[in-house]
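Look for subunit A in each of the two complexes below; its partner is subunit B in the first and subunit C in the second.
The block that comes next holds the complex of A and B.
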């Protein structure tokens, strides 16, 4: 910004111009020096590992270029199944918690009790960060074969275990994921719901709109981008979860994160040592797409969210 | 509560057709109640189940013995020690890198905030399970690095960046940074003493919440620790769950409650923070 007037006022001579330009460039660069340690750390801690994954995904164990790792995945078999199951799980645990979370956030946003809102906001913050081993244990205690809630449901002749449901299979893992997905949705969608101004409802009512018409023509169109965007974020969160499933199933379910973990623990067929990197690269690509979708929809939202 | 509500409603609503409005309001409240009740059950029953399970002995009777046996469990002390050491190193590095950078960006390089925001979203794109894959491959040639538990701390710094950036960013946004710095500088303070004696005291609550979030992250992180073969607290919980499930669940619940208390504290701190921002 400050460099533009300097260059504009510089003498026309070739030497003078390049000198000023160089000085301006230096001045420009100098302002970035203090952020270099941060950038260097991110490059080392995030950039180098990512580069190595992308590189090794196309290498044999001896370092030769190959497409073998990718073709092992795309030709079917357990790794392709892993991606399919992971995407399905992420989709289900983005869609249902997306809708449920929006309803809960709406119910909270409509409440007039400030302290109630605050308690729920704090609870959502805690639960959204609450994945992993502890969560898995809680659900085993509640909905495991000998869990307390399973017992209650059995009294009502509704024990899910006797109807073919298992906490350690797809549907069980999905139920557990929702425990952190729903609060995450509440957290990310609340700002958009708070931005839904009461004036719009009044304006619609003044123009003779019914409640249904308000939602059909104002409320839903306005809320669609943020809700969809947040669902993409949930998709990413469900897609990359490892700790919860690992602790719950002991790694018996075919999800891509679990397969990467299993390869890292040394369970790998000879000749497929680098397939793990290809799996990792695949995950990065899918997550990148969902985060970009989230960011684009979020930007659309921020246009009218601004106070 | 309900009475006050109805009174408020009466006071605000115009006199025309108050009965219809009241009815609609009540219907809304019922719908909201059902949604929140179901959600509450889903979130509280597992908690209750785990608490109940944690307070039973092996015969299944109520007992406080799981709590008293925690410290006697093999490996527990070592796991807490390791998690503690990792959290101290992570926190120190995190603050040394992030605090000066975020202050500088706010003060001199506001254009760079966009870049910072993108960078803090990157750990979501590259989740722990993928990152550890690359980190282990990157560190393999360097024995001193790959054999050290502090490799984990180095990576946790990256994982914590989004949380730390966000709380520092909002903390700095609440300050009149330029005035503070100019006042300090014109009174003859150097950059370092401006940081130490003016900015850091003003950022106390942001720094506290950043620190606490980092600690919670390090004490809760399972994926990377397990795959780098270090027995931190979550890995210990996972490994010893078959030995004594009641005691292990008790430990898990204690860490959960601790996190809960701490995060609630942060939220309330954040509130007082915002209030001080609003007053001038």
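The block that comes next holds the complex of A and C.
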């Protein structure tokens, strides 16, 4: 496409307008073209699988349309229990590590030793990605009924096992999740804490604000959106974690990801693949709802930040 | 469930109709034009020679989810097959599950890498019968009725009993029955291999526990109740495996007798007993896929597995080959390996029918977490 004929044939004035239009188009192109690979990536990695799962969730094994799978997972029984327990576990392991992780990250951010901060960041990166069967075994060795740490605690008469706690139950799994959720929180919230400029505090102090007033009117409102956002990330991470719990509990805790695993990868439940896809769709919907809730919340809490 | 059985039966009827056609094909077996994917049996030395020649010409075979070590001796079996026929074996996803196998058959259809032969839980074979090719090995009659599809779409290969493994170094008196497992001296010691909604060994442990506690092949619920009470008393350790047995966190592990020897390899003090109050056994099934890219090699693999050599190699891996009874009768069984098996339980072993299995599986899927987990 050359520009010459266009400008040559256009009546006076119109040429100018089309030039502006072309400039605008060029501006748009410049904005969009670099994003294209990312959009393609999202479409292939997220869009296509989601479509396939959504489609198969409404099919029989022979490919006929059906609502059966959806009614199976929503009509009570183990699958509703699975969603309930999964949401509960994800909520607990987002809330507690969210608060604890923010406090730890804040403490670290106050440090003046750059090398210390870097070591912590690297360590958090490693711990946050430690999971699966290895993590389960580590906890069995440490906090299992015959674990080393359990033994130490028993000497102090604090053995959690003799106080009704069990590594193999909900509370045990929640403790294990903290192991990767707290560092994950530290990792994702640190940049936001660094954005809390010391000048703001000085300015507030100069205007006579107390420490409490600074946090109430400046610190917390600024931090709320990133803290909540990070907690939603933790929610997603806890909601979809699978191998650790399966290794620890052998299916005695009903979690949706484990149920999907039983259907799509097991040796016992045969011929229920489409119910598995329906469960997958259910997980997608729950995560989608939480993301939308977060977006609305953030719009509200960050309104004052807009110019 | 009923619908699925109907589908399976319908597929069976179609299979028997097709059989009349393909026996003609196999009689012309020597010809290089044989379409092996429709051959449903070979007969005599001449038929076998043609099969071997065609399989060798194909040069390789795709198996799936056959573990390289332990597990019914598959590692040795695969090596021996390759040595004997010069056919290369591609083993996809060695530690995968039955569902993984079915998924691969569906997703890899038409590709050169698609699985040729399967080793699956019987219900997976039955529900996916239309993906499987009918074929009857030469020793077909030695496979007991009821452990094979009448049309030859699947046929059981090896199996064993639910057994109690026990580390004599950690447990003073090893339990010999499910009833004894409730003894408080076994606190925090009893495991089953995996999650009963995923692992067939763990599911079978629940079935066996049911038989020991007043249940039947029609009713697995007493087994779930048994583990709920075991969890409540603190004897049950969820998430057991061979690794936790070796590590000592489950010094008592309920598992297939033929797989316990994998623990023995790492733990000399590991003892295997078939419980006196539960006589529960199960077999896996072989099948050839309908779209096998190496149809002759697939058929040769089955002939090999059901030959005296193949069946005895299962036995060497502590598994009970499906033709064991007839081999004992014919005197072709390897007596050294036979002696190493844990003593089989008294009485006649009865097997759940497929509807009974389906019912039990649905019950476990529905109640395992809510009853056992809640009891904790």
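The definition used in the following text is that the second predicted complex is superposed on the first by the 230 of 307 C-alpha atoms of A that agree within 3 Å, B and C clash if a C-alpha of one lies under 4 Å from a C-alpha of the other, contacts with A are read in each partner's own complex, and residues count from 1 in each chain.
Keep this in mind: a residue touches a chain if its C-beta (ideal position, glycine included) is under 8 Å from a C-beta of that chain, and two chains touch if they have at least 3 such contacts.
Note that the structure is a prediction, hence the values are computed from the model and not measured.
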| item | value |
| --- | --- |
| Which of subunit B and subunit C A:81 touches, first, second, both or neither | second |
| Touched partner set for A:269, first subunit B, second subunit C, both or neither | second |
| Touched partner set for A:141, first subunit B, second subunit C, both or neither | both |
| Touched partner set for A:291, first subunit B, second subunit C, both or neither | first |
| Which of subunit B and subunit C A:168 touches, first, second, both or neither | second |
| Partner chain(s) touched by A:24 [first = subunit B, second = subunit C, both, neither] | neither |
| Partner chain(s) touched by A:100 [first = subunit B, second = subunit C, both, neither] | first |
| First, second, both or neither for A:277, with subunit B first and subunit C second | first |
| Partner touching more residues of subunit A, whether subunit B or subunit C | B |
| First, second, both or neither for A:249, with subunit B first and subunit C second | second |
| Residues of subunit A that lie at the interface with subunit B and also at the interface with subunit C | 137, 141, 246-247, 261, 264-265 |
| Subunit C - residues contacting subunit A, complex | 4, 96-100, 102-103, 121, 123-124, 127-128, 188, 192, 194-200, 202-203, 231, 237-241, 243-244, 247-249, 361, 364-370, 372-373, 376 |
| List of subunit A residues in touch with subunit B within their complex | 1, 31-32, 34-35, 37-38, 41-42, 45-46, 48-53, 56, 100, 103-104, 107-108, 110-113, 118, 121-123, 125-127, 129-130, 132-134, 137-139, 141-143, 147-149, 178-179, 182, 233, 236-237, 240, 242-243, 246-247, 257, 260-261, 264-265, 276-277, 280, 283-284, 287-288, 291, 295 |
| Contacting residues of subunit A [partner subunit C, same complex] | 77-78, 81-82, 85, 136-137, 140-141, 144-146, 166, 168-169, 246-254, 258-259, 261-271, 273 |
| List of subunit B residues in touch with subunit A within their complex | 1, 5, 8, 28, 31-32, 35-36, 39, 42-43, 45-50, 52-54, 97-98, 100-101, 104-105, 108-109, 111-112, 119, 121-138, 154-155, 157-158, 161, 216, 220, 222-223, 226-227, 234, 237-238, 241, 248-249, 252-253, 255-256, 259-260, 263-264, 267, 271 |
